[in-house]
Amino acid sequence: MAPVVEFRPERSEYAYTFGGVAPVARVVPGTVLKLWSEDAFNFALQSVSDLSSAEVDLRYVNPQTGPFYVEGAEPGDTLVVHIVDLTPARDWGVSAAIPFFGGLTSTGSTAMLQDALPDTTWIYHLDRARSVVTFDARFGDLSIDLPVEPMLGTIGVAPAAHEVRTSLVPERFGGNMDSPEVRAGTTVYLGVNVEGALFSLGDGHYRQGEGESCGTAVEGAMDSTIIVDLIKGGAPAWPRLESDSHWMAVGSARPLEDSWRIGNVEMVRWLEELFGLHSMDAYQLLSQVSLAPIANVVDANYSVVVKAPKAILPAASAYGGIHADLRARARGLA
Amino acid sequence: MAPVVEFRPERSEYAYTFGGVAPVARVVPGTVLKLWSEDAFNFALQSVSDLSSAEVDLRYVNPQTGPFYVEGAEPGDTLVVHIVDLTPARDWGVSAAIPFFGGLTSTGSTAMLQDALPDTTWIYHLDRARSVVTFDARFGDLSIDLPVEPMLGTIGVAPAAHEVRTSLVPERFGGNMDSPEVRAGTTVYLGVNVEGALFSLGDGHYRQGEGESCGTAVEGAMDSTIIVDLIKGGAPAWPRLESDSHWMAVGSARPLEDSWRIGNVEMVRWLEELFGLHSMDAYQLLSQVSLAPIANVVDANYSVVVKAPKAILPAASAYGGIHADLRARARGLA
Amino acid sequence: MAPVVEFRPERSEYAYTFGGVAPVARVVPGTVLKLWSEDAFNFALQSVSDLSSAEVDLRYVNPQTGPFYVEGAEPGDTLVVHIVDLTPARDWGVSAAIPFFGGLTSTGSTAMLQDALPDTTWIYHLDRARSVVTFDARFGDLSIDLPVEPMLGTIGVAPAAHEVRTSLVPERFGGNMDSPEVRAGTTVYLGVNVEGALFSLGDGHYRQGEGESCGTAVEGAMDSTIIVDLIKGGAPAWPRLESDSHWMAVGSARPLEDSWRIGNVEMVRWLEELFGLHSMDAYQLLSQVSLAPIANVVDANYSVVVKAPKAILPAASAYGGIHADLRARARGLA
Amino acid sequence: MAPVVEFRPERSEYAYTFGGVAPVARVVPGTVLKLWSEDAFNFALQSVSDLSSAEVDLRYVNPQTGPFYVEGAEPGDTLVVHIVDLTPARDWGVSAAIPFFGGLTSTGSTAMLQDALPDTTWIYHLDRARSVVTFDARFGDLSIDLPVEPMLGTIGVAPAAHEVRTSLVPERFGGNMDSPEVRAGTTVYLGVNVEGALFSLGDGHYRQGEGESCGTAVEGAMDSTIIVDLIKGGAPAWPRLESDSHWMAVGSARPLEDSWRIGNVEMVRWLEELFGLHSMDAYQLLSQVSLAPIANVVDANYSVVVKAPKAILPAASAYGGIHADLRARARGLA
């Protein structure tokens, strides 16, 4: 029977960085974690009259639930996080166009002299029965029900080389990748950089478009059920994801073509391993089968997911078939 | 009864640029065009022993079938191209890792000092009955059947401002976007820049991954059936695509984030038009519903498709509902 | 005695593209050309009340004087243009912040949703005696005299591969590089792509900062005296410049790091040739001696100049010592 | 009489991050610091037969001397560091082409599939009498004496938002900017993010080209004499530099155009302050007077310096004229 740990942080217990924070608990590989996470705005925006410029401190967003010290995890190991279930923990989500933050505005680094876009907040009401959140136009009357598709914006471990990065950053250690692929049924493989891995998650999204254009999703508190496991050795250079349908790698960098290049090289390496291919053959095969959805173009680094569909590739298993095993364990929890 | 024009160019009749070439024919709006196009390599690679460095002249790739002068088309109008059917015209396709061309190698503009990757050619045999092309590893024994999913790499009109661009370039005028979305069932909307629009197509792909990582798809000669039509005025700033399932815009630029930004702004404008939304509401809505697959990161400009799914948006029609009409006309051709 | 050709175009005689235009004259190598060029705005902005949004058509800017057909020039040859003298042809210059054009604003390709910066025009009066142009603040009272430092924004030949590019574009063929290094005393080496080279120039600047931040320099009509010459063969891959003090190469691309990479690789190749160095030694040497001023971050491509100072390098001569010879010929014209 | 603190770290006392390290000493504003710093390779490369792949651990490069806790420094203040003197502390420097590190090679983030460039080390002998270092070709016989022009590659404070960054990173906090402008006679202004500022320096270069093309300069141990001072409040958003001849700002980001944009916006803000200009007038003025040398295109972020020459601008003083005062104090130390 797998150990189960439940954890709902007090407000003072959130982390705002990957690395640099003491663990909230120690868990053994195989533990089922039932975690509550606050929304990305740290509960600062609760109505459309709450504006980001007044209420949001960008040093304290994406509050992280964790970090957790995974017993036995050492640098070079592979932390395995299987997402069993994501359920919205409130009956509403919120999105905002934060001044000088987002994809279609100048920012602190894509620096320009133009005025900011209007500081605007949108509240999305959640209808659990119909599993929709409702977009209500702020400058008109249109309302549109959109399917709830829960995902986690941030999931990661402590960085290498003694770095500490804010929970706004996606990088080799995972972090704020903002990929819709990080949803129930997905297994995330992360290279371990420090003893105990120091894993955390947060930034729940009730739904999000690819790219997260305005900089924020339908942000909401989330109840996450995950299984944490450990593979000794085998650390991928960049985050890898596995679902029943796809092999995936996530690159995070700037400019966006570098994110894509990283994801592609990581997938070339994975295809080499999975199928015993020469790198040129893996490169060629990937060129004809890859999907390449953009995850975010708004964070400290931009993220691209490079995917290879299992259905058209030969059967293979990675990391000793742990994804299938975790899927079975997850079903056992229901 | 719609006029039907069939055209298979002689080798001397191909165009290698958008703009700068006299039309091969004049057609009225509504014409059904049945077009044969040569493969992207201009038939220079016919076996794995044909190498790009010896056989391929990058000034003469992506041979274009056309251009066609569309009667009545004037600058500011919208050329409408509906893709009825794409059928491989040969029983094999070909892909290659051209030295210093592609996504995971230095190139003439991402210039570095490293040696080129091995000049390598892959031949894909087509099995029409099973609708697959077969990947055969060049440095090992693996063979994998991959579904045929025909698309056109290049489709475009003459550029604005008297420019002439090679058929390697994607830009506002369309061109070498290398998007898998340009397939049967899709309607392409292109702004007209010169009288007659001077439309052409080519670069058929039997299949291609998103990003076209190695720089080339499963390239092959193609039989294309399309309907060309014309909307007076209404020229989109950048190419728009419509399928039964999605509204789409394609941005092509460098760096890749600019391609994404262009596609997003064009989609914001389109959502404003379709649903009467304020730009901030369109920006917010798009942020939560968009798909953003990368099309290519290997051409003279990189391309990103930004998509909004019709199924979760209110019913709407663009350009007087011409897509639905073209779908009906296409069915009438069968 | 060198032939001398004077040419002042009529308004109808300007070219707005590199390539695609018939030559205005044929000249033999060694010809001295005395050329008048209109300002970049095509004389549309003559006072601070003339605004770009009303008066400037971006399809007709940077009017080019030329092109000139250079007898004997063939693809693969090196066109040599020595700039003898640049003298302002009017007593005032003009600069403008064109809406959605420039370095600190969103643009058509770095597309965002923000409002444009204020459409603003500045007139700079020229004092020939003191050789200064005067900056007069538009939103205050400050006036500052700035030294006149004449340069040419555009200088180039017809592109390769049958392309035609607007005079807003810098590329392998030269064009709108907007480098302050293109001034009196500099020799420009350009690879020839078409018979006759089809050389033109324009876009005179009475002075310009590196980067051309707002998108326009102190733009003004210019009297240019140049000597055109020809080296058979030896075409550089990208424009090279030589002054009495520096070896230089100009890269033009996007993103800006690619411009820099191009300029560096071209300089590595040139150092290999000049000093018989292995590429790794040339790379190392360049790393310790290069200057790398940005030329523009506002045009269709961004440009970077990579420079190696002659004073700290061994004596060497390029292209048979033609720069020294041209300097001597230029002195003979005085 | 200013307090003087001398510090030569033991090997165990170096820092490899900005932030996250306890101060080695507390100093009062006005202190003269005489600091010894190890070379960027941590003394791992001492002959041409020492190769980076074997000897260099990229987690432990750019060893920092410090950090120093500056009494009274609080977030929002401006740390002022005046560089009095930089003197090579050894009779040789070293440079290397580290595999997959540098500007003309693929890297971990500009990820490609090509083989690495040859792992190569160059030793530069220093002749103090003639003040030159000698480049000796590794693949040929050429030797070239190059002037010694000492500078510091890294100078910075602890980052904001609880981050800890390696000494390979340039950012808002300064860090590994690799700008030749950080030399004797220059005053560096850095925004303070944490109490005490936690200032450190290292990565001495006996000389370096702009861009640091191969990734490393002529690296060497350095004796630095600096004066540390403090302005309450007034923290610049990005590092500002002042010399007798120039006002400067340094932007560090990716892609390189963002570094340039940041530097430009910071200089627009500074010109507004110095001359009471409207932002549009400051933008225009900067456009015509700026110099924009690239500092590095090889580090975790790329850096550009944007400079305005004092000689052609009206007289002005920043931060209460502290630069002139520091120059006087520095002369008093001689």
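Letters A, B, C and D mark the chains as written, and numbering starts fresh at 1 in each.
To be clear about the criterion, contacts are C-beta pairs under 8 Å (C-beta built on N, C-alpha and C of every residue); 3 or more make two chains touch, one makes a residue touch a chain.
Just so we're clear, the structure is a prediction, and the values are computed from it rather than from any experiment.
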Of B-D and A-D, whichever chain pair has more C-beta contact pairs: A-D
Furthest chain, CA centroid comparison against chain B: D
Rounded Å distance between chain A and chain D, as computed from the means of their C-alpha atoms: 35
Centroid distance [mean C-alpha coordinates] between chain D and chain B, Å: 47
Shared interface positions of chain A, touching two or more other chains: 104, 110-113, 117, 254-255, 261, 264-265, 268, 280, 283
Of all residues in chain A, those that touch chain D in their complex: 16-17, 19-20, 58-59, 108-113, 160-166, 237, 251, 253-255, 258, 261-262, 264-265, 268, 279-280, 283
Interfacial residue positions of chain B with respect to chain A in the complex: 95, 97, 103-104, 117-118, 120, 122, 135, 137-140, 142, 144-147, 207-218, 254-257, 260-261, 264-265, 268, 275-278, 280-281, 283-294, 297, 302, 304, 306, 312-314
Residues of chain D that touch chain B when the two form their complex: 104-106, 110-117, 255
